[in-house]
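Chain nomenclature is as follows: A, B, C and D, assigned in order of appearance, with residue numbering initiated at 1 for each chain independently.
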């Protein structure tokens, strides 16, 4: 550790007594009133303003990820709020902690799968061939193909056709979207059960179409879910369920070992 | 605990095999492509669609809170990412945990101050009188008046006039904005130093103008900062500073007790 | 912010190529094999080695706080683990986030109440008088007396007599323990229902008896519960309940608004 | 999701009005005053009381992991406390979030490496052969051998000989300890630089010797560091450094893009 200190630097923002600049734009003069929230988020993450089409796609991706009902993440946030209502930020934090490989990872997984499959594509590869290679690769590794199938939404995940429709309307539905669709078809054929493209598959494909850095894809879910969790915490503050659930769960879980009183 | 179980309920969302409904609107058909991210966030939190003017004010509030440079919160997130790069969601969570009374509380504080001061107002109260009463109340309690003054941005916080300008353009600058301005004047007079309205004061005033629930005001900062933190984590992944800072801090902090080697 | 940088320092630990020193003791030579975990924890927090009696009291306080069944905190940790099993540390973190004013605050509250009540005590104050003053103070402020009463453990919290017994055996049961007992009696009389001293009241009293800094008292619960939560997460990894609970909760909570399919 | 609800169960603890039982033992009667904190932690995690020797080894493992100076984790906790001093539990949580693959994973990695290498061992395998196979395996995969080498502690990590000494004194230094030592020798030879067994290697070996479940090994670091972090937060509350660091870091990081004022 007795090494020479190296300089640190960040290119995101700076401020002086009378100026605040974020990603090269003046906050009061060029951002406030000029960008919407999703566009500003895109700027914050990538360093560039999105085109109008990219902004609308990015908006759709984020909105799709905000609210998925009483997920484990929402339950964790409500449980945390019940214990520390004075620290709402910690309840959101607790809810975010679980956005890992099981629930948000599949979004990242689809994006990675598509980006890899088309890494060397010059626009001439046969996408049916690519889809077959991708699906058989997962099958051989006994891994789950990301972005296809859904426990509840069958035979179609209602978000997928809508996301693809928006992408087409914005003129950004290209080879990633096409490949994702064919992976859905190929997976359905290979595993012989309905495995249509789900919302995370559509999100992965659109993330690639608008050239979002792969590392940003998990970030989408994290930012979006922060909004969703604030909604759950506000509802918990007015219409609580956490303490009721606690009682039920604690009683049921230990019933088999609890001595009668 | 042997009480009768009570039912639990949430009014935020529901889904079936072919439908997803959030706050009463169909996600694919009525939300995606129809609301922007801030409008949807407003809907998620309050249960109602904002008017266009409310949506633009709400957007400006959120954007103002996204990025404030290398704050303690951003540093905590980067430090966490350095240790667990595979769990980016936990790095965001760590960064959010510190949005408490010191940094985000003043936003909440301004909103509460204004809402209380005008709780019984029928639109005829003399706002100079109210401002005097509010400031002298804080002075008597030896408490800090929230929403005024800034260590760096002097004599004017450049965000404040812009936020008020947007509010006026949208026709929502009413008595809360007016009172906040007079509190700035009165505080400057009372404490005899520059204490103009800062960004958190402006945010508190505009939150009241668009009738945001007081409990949602801290939520604004939490949602917004989640976006900012994802930006910092992506930069940390490409242009790291955490390990360099660790070495410097650890060496300096223990220099006075470390035995020479 | 253009202020002169001030030095930073920490007195906890330092290391060189061949030495590691914590709170002035050599880790390999004076700590490992010489202190037990609770004694070392006391050293880490306070900077001094506890006496043998203090170490045993401190051990009892910590052990009492480790495991309280399927609390909201344990549920939050399990929910988080279900989503991000690769980041167990984040699941413990999520569980800790809820140890706030509702569940752990009462420990802190009892300690503060006792410390304040005997702040000027020279050992001659009439403890019955003090107890009456304390309880009537809470009653007037319509605040809950911390450290008395329990929803399940009635008429006696079985931990309390045992903790007091250990304190007596170690010779540290002094005026804080005595006052806490009388507050239980006085509260029972004042509110006319069983309000005996509960575990948090006993912990608050013993924390005062061993002179633990008041700020460390919430820390007790945090450290102890980290142990408890690791236990819950290991069980969840082998005998899961989180996904099952998710399904039940999500279905029940939205049943009233879900359209039949 | 319209599946039949399945029962949930936990075997850790239960309580009734007058009893509290944890892992089959009565908390007041059989645990308090009878087990030390590390022994109780072992019981909570594994469901069984450790032998006296196991308890002492386990104590040494935990103590070794408590305090490592101003690590990224400690810095994150202090930064969080500066923003939300009313929520100390969230500051500990923030500090724990970063105990992932970079800093605590190597402990887990050593344990996994040793457990795998000796999975089929009947006590007759030549440990030099095994060590060679293990090290060349890592080299071929271009992966880092866990548990050897240290940036500061060279040529010897002072914790390692002490941990092995304690293991020998307790009669639990067996084939895992022996294999770990030979992996250190073999790694030093293969990579032609000093790569002696470090503390995480010793901890991995001892975890195997006392038969700790592999999933519990990361838990060791999490529980231990929770203690360390409470110490750092208490120091931060009396001798703060977070705000000072913030100023320095923010200024330096944006100096290259900040416009002079």
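Just so it is clear, contacts are C-beta pairs under 8 Å (C-beta built on N, C-alpha and C of every residue); 3 or more make two chains touch, one makes a residue touch a chain.
This structure is a prediction, so every number in the text was calculated from the model and none was measured.
Asker: If you check the contacts of subunit A and subunit B, which chains show up for both?
Answerer: C, D
Asker: If you tally the C-beta contacts, which comes out ahead, B-C or B-D?
Answerer: Spelling it out, more C-beta pairs touch across B-D than across the other pair.
Asker: With over half of the numbers shared counting as same, classify the subunit A/subunit D interface as same or different.
Answerer: same
Asker: Between subunit B and subunit D, what's the gap in Å when you average each chain's C-alpha atoms?
Answerer: 37
Asker: Let me have the rounded angstrom distance from the C-alpha centre of subunit B over to the C-alpha centre of subunit C, please.
Answerer: The mean C-alpha positions of subunit B and subunit C differ by 31 Å.
Asker: Check each residue of subunit B and list the ones that touch at least two other chains.
Answerer: Residues 1, 8-11, 13-19, 69-70, 84, 86-87, 89-90, 93-94, 97-100, 104, 152, 241, 245, 249-250, 253-254 of subunit B each touch two or more of the other chains.
Asker: Once bound in the complex, which stretches of subunit C touch subunit B?
Answerer: 1, 7-11, 13-19, 21, 84, 86-87, 89-90, 93-94, 97, 151-152, 249, 252-261
Asker: Quick one: in the complex, what on subunit D touches subunit B?
Answerer: Contacts found on subunit D: 69-73, 75-77, 79-87, 90-91, 93-95, 97-104, 241-243, 245-246, 249-250, 253-254.
Asker: Within their complex, state which residues of subunit B touch subunit A.
Answerer: 1-3, 5-6, 8-20, 22, 27-29, 31-33, 35-38, 40-41, 44-45, 56, 59-60, 62-64, 66-70, 87-90, 92-94, 96-100, 104, 152-154, 156, 158-159, 161-163, 166, 169, 213, 215-216, 218-219, 221-223, 226-228, 230-235, 237, 239, 241, 244-245, 247-248, 250-251
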